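For reference, the structures are reproduced in the following blocks.
Below are two complexes that have chain A in common, paired first with chain B and then with chain C.
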Partner chain A sequence: MEIERPDGRSPNQLRPLACSRSVLHRAHGSASWAQGDTKVVAAIYGPKSGTRKNENPEKASIEVVWKPKTGQIGKAEREYEMILKRTLESICIRSIYPNTTTSVIVQVIHDDGALLPCAINAACAALVDAGIPLRHLAVAICCSVADDGYIFLDPNKQEEEKMKAFSYLVFPNSNVSVLPERSSQEGGEPTAHGIITSVTHGAMSVDDYLHCLERGRAVSARLSEFLRKNLEPKSSSESSRAG
Partner chain B sequence: MEQRLANSWRQTVNEKNFIVNALLSELRVDGRRPFDYRKLTIKFGKDDGSSEVQLGHTHVMAIVSGQLLQPYKERPNEGTLAVFTEFSPMADPSFEPGRPTESAVELGRVVDRGLRESRAVDTESLCVLSGKLVWAIRIDIHILDNGGNLVDAANIAALAALLTFRRPECSLGGEDGQQVVVHPPEMRDPIPLIIHHLPIAVTFGFFSNENIMVIDPTHHEEAVMTGRMTATVNANGDVCSIHKPGGEGVNHRVLMHCLKLAHVKAGDITAKIKDAVEIYNTQRALRKIKRHSSSVALDVGGTPAKSGEKQNQVDGSQLPQSKFKDEASSMECDATSSGQEQNNKRDGVSQKFIGGPSSWDPYSECVNPDLLKASLASHGPATQRTQKGSRSETKAEEPPQEMKIDSSPTDAGLAAAQNNEGKTLKDAVKPKNKRKKKKVSSNSGN
Partner chain C sequence: MKAGKLRFSKPNKYWVESSQKRYVPHPEDSVLGIVVDSRSDNFLVDIKGPSLAFLPVLAFEGGTRRNIPKFEVGTLIYVRVVKANPGMNPELSCTDATGKGGEFGALKEGFMFECSTGLSRTLLSSPTCPVLEALGKKLSFEIAIGLNGRVWVNSASPSTTIIVSNAIMNSESLSGAQQRIMVEKLLQKIQ
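Coming up: the complex of A and B.
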């Protein structure tokens, strides 16, 4: 039986992606990332001197401020801030600038499902725009599990509400070697292939979760291609689209 | 805390002197004349009531939302308006998250005063149940990038968002007429707010030399200037508010000059806002018609099937535009009654359809060929009936024909169906009076 999604996508199809760098003028680095109708703008200021009391001064620390579209800042926003902070701390090379704080500010422009992955992608692109040294890039994807065990990627808000469970997964981006022969080999040297972050909502079986991981990893290759193409230094325009 | 302040931007003495000296020769650092505004761009988001304004490097976003709440005790018949300002830390390294600073509060108050005291937004129309339930309109202003002159940009963003905001329609029901029923946007079109006039804020900067005055200062100029004034004026020439919080003393002649300038600028900016809102409204109307037109196509494919077998109706609703299922089902109810508004909608719809594939929904996939043949077969006898019916109903055949024409190239198995369509295609192209004769001949041929 063919599964139909409300907007006509196939289960493995992502919504159209759009990424723009340097959208703000005062911030040291900024990027906007849109997946379909979900749009997030991230800005980076840093590194600034000093760390907060609870932070380890021997390493650079990251501080995240999450700004929702409207309403008070509540527990959900604090949770997003914490997840974003831990994810970004694992991709930054923290030993380079000890005792500094890099501020990441995320503003939600429109929320149509898969908000946290969109924010993580935007923050990663903004970090590149700011020139913060990173170990590798992070690509985030949302996989949702329907009642019958079927897996849909990148659900929009309506779909998210109907699904049995969904999970946000963050993978490191696939590496491209300078030597052209090496990049075709997949099982080369063991660089980071692991999952950086995984947040699930709702109950799903272990098999479903493992399927989500597989699908997510497969799609992360596509996403990292798009991200890489987008982040290449350009002479003229600052935005590009992929669909 | 001290470390953070140490990191914020400080202007050098050289920069200050450069700016002031340039202004003495009526030149500004970004090349403008003293009374020129920067480039203004107004964009709207996907939802009603969200706008993004860029004034030079300043970037502001405003979002309007509404809620049903209890009114104030002193004003039981009026809705409420509240402005919330967020100086996001992304706009400026010196903005801290958390409690709004005094400049954030000041900005919010200036925008609020311009709207509330001058009665720009009609609050009496927001009353639903006097003394119990009124619409509380909330404007959230997010500053995304501080390039100077946040007040003007925030004001324009708030106005643009208010003009495009639509609140759901609600009616009184229940036994005693005291129950309020809020209709969701799919059932009834949400209605816009009533805005009487547009109060535009124009900010002036004064420098230590009395004769130097600039409009729309950048953040470099703001750090140099010694006095500021914001005049909120509308295009009719009414002064809605004047805000001059201390600073350099200014001659009254200079103030009068400022007010005259503000009147001129307000006219320009009002025109720009209205143009942008016009474009948004036409796009919104087009989007709604596109949705309705696809659902009409779905529906007309379904209604002749209704007369035929019930099975076809079920298949019709499973056609790829399942996204529009809700609207299709509501349209089907209308179709059976075939009221005036339905015909009018179809008229409008079919006119849009003359464009053909460009207005077609890109997400639909090819139609199941068996389904198509079945619905075409049941559509055949329906054409006889409709030609006797009103003129507009014959026009309604164009949408399903065009729909099938678009999808047939994608599915080669529809060759048989295409022969059947061949006659009706010609009918679509030929004018109506000839079309009726053609139908008779095709039916007699059958």
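Coming up: the complex of A and C.
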């Protein structure tokens, strides 16, 4: 039985995605990512020399600043910063520029549910725009579990508040091989089954969590497609002026 | 691993070309640096890379301890990258590989602006980039292009400098024919 969501989407349907790169002139790399009404802009500065205290000087370090739309910076923002930092550290190749710091500034333009996945996607697109060497890309998705065990993808703010629990999942993007036969093969590459980050809110059973993982992984292929298409250089409209 | 266009040149060379605002130092690149500090044995120079570069005080043509050049903080210099090992500060020099000074050294007067590394590579490619060719036919100016995304333009009158800089900044996303048309339109405005 199909359960109707307030905005008429099916349980597996994502909100319309929009991504643009090089939106800021002064930042070394920037991207804006919108999922429905949730919109986030990420800016990257660096790599710059010098690390902060308590950071390993043999690796490049990433510093994240999260700027909410309104209000003072509090514990929730610090938590987002920490999650984003750990996620980005795992996709960057940190041994290339030792003793440098890359700053990631995330500005929330509008929050309509699934804010952290939106920010992670924006930060990943901004890292590519800035030319920071990456191991692979990351795609993030939010899966929410309703009281009756039904799983909805990409909830908006109203749905998030009504749900029993929701989880943010970040997967590495799938490999695309030049040979068409290899792309459709299952297994083989370890990254095809990896997961980078998982954050859950609320109580859900183990089965529900595993279902969320499955659904999230299935949808991550679509998100990877979209991200990959967006990262192709647009030959006629790209202009990167440095300030 | 960066995102970029896959390029091919016969017989068997493939590479990925990308364009960024920051520069990754590479030996034998000519870049424009800005002096940030001077120490007893080298100058600290900012070349838009992950770390500051060192320019030894003696790395000039005929450089001895007695005639060390005095570069103030903020001087723009045209230098060559000698060493760029990962994890170490890059080393620069104001002489070419044989020890001759050539055009390296401080750049006086003129105007410097920043662009992406991809645009600097296009400007330095041979045959000459269409923008520079079209500008060179009508105007006379001096230009220094650094592979780190900095360009310096100097000419007798400020209006020429402004036209050249604007033309170069606008030419990034245009094809060869479009660049020529754009330059013509700009030149018509002043005549």
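Everything below uses one rule, namely that the second predicted complex is superposed on the first by the 232 of 243 C-alpha atoms of A that agree within 3 Å, B and C clash if a C-alpha of one lies under 4 Å from a C-alpha of the other, contacts with A are read in each partner's own complex, and residues count from 1 in each chain.
Note that in this section a residue touches a chain if its C-beta (ideal position, glycine included) is under 8 Å from a C-beta of that chain, and two chains touch if they have at least 3 such contacts.
The shown structure was predicted, so the numbers you read here are calculated from the model rather than taken from an experiment.
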| item | value |
| --- | --- |
| First, second, both or neither for A:S49, with chain B first and chain C second | both |
| Partner chain(s) touched by A:I105 [first = chain B, second = chain C, both, neither] | first |
| Touched partner set for A:I93, first chain B, second chain C, both or neither | second |
| Partner chain(s) touched by A:L24 [first = chain B, second = chain C, both, neither] | first |
| Touched partner set for A:V41, first chain B, second chain C, both or neither | first |
| A:P6 touches, of chain B and chain C: first, second, both or neither? | first |
| First (chain B), second (chain C), both or neither touched by A:S32 | neither |
| Contacts of A:V128 with chain B and chain C, given as first, second, both or neither | second |
| Chain A positions touched by chain B in one structure and by chain C in the second | 48-49 |
| In the complex with chain A, residue positions of chain B that touch it | 3-4, 6-7, 45-47, 50, 52, 57, 59, 61, 63, 65, 86, 88-93, 97, 138, 140, 142, 144-147, 320, 322-323, 363-365 |
| Residue numbers on chain C that touch chain A, as the complex places them | 1-5, 18-22, 50-52, 86-87, 114-116, 118-119, 149, 169, 172-173 |
| Residue ranges of chain A in contact with chain C within the complex | 28-29, 46-49, 93, 96-100, 128, 130-135, 231, 233, 235-243 |
| Chain B-facing residues of chain A, complex | 4, 6-9, 23-27, 30, 37, 41, 43, 45, 48-50, 65, 67, 69-70, 103, 105, 107, 109-110, 112 |
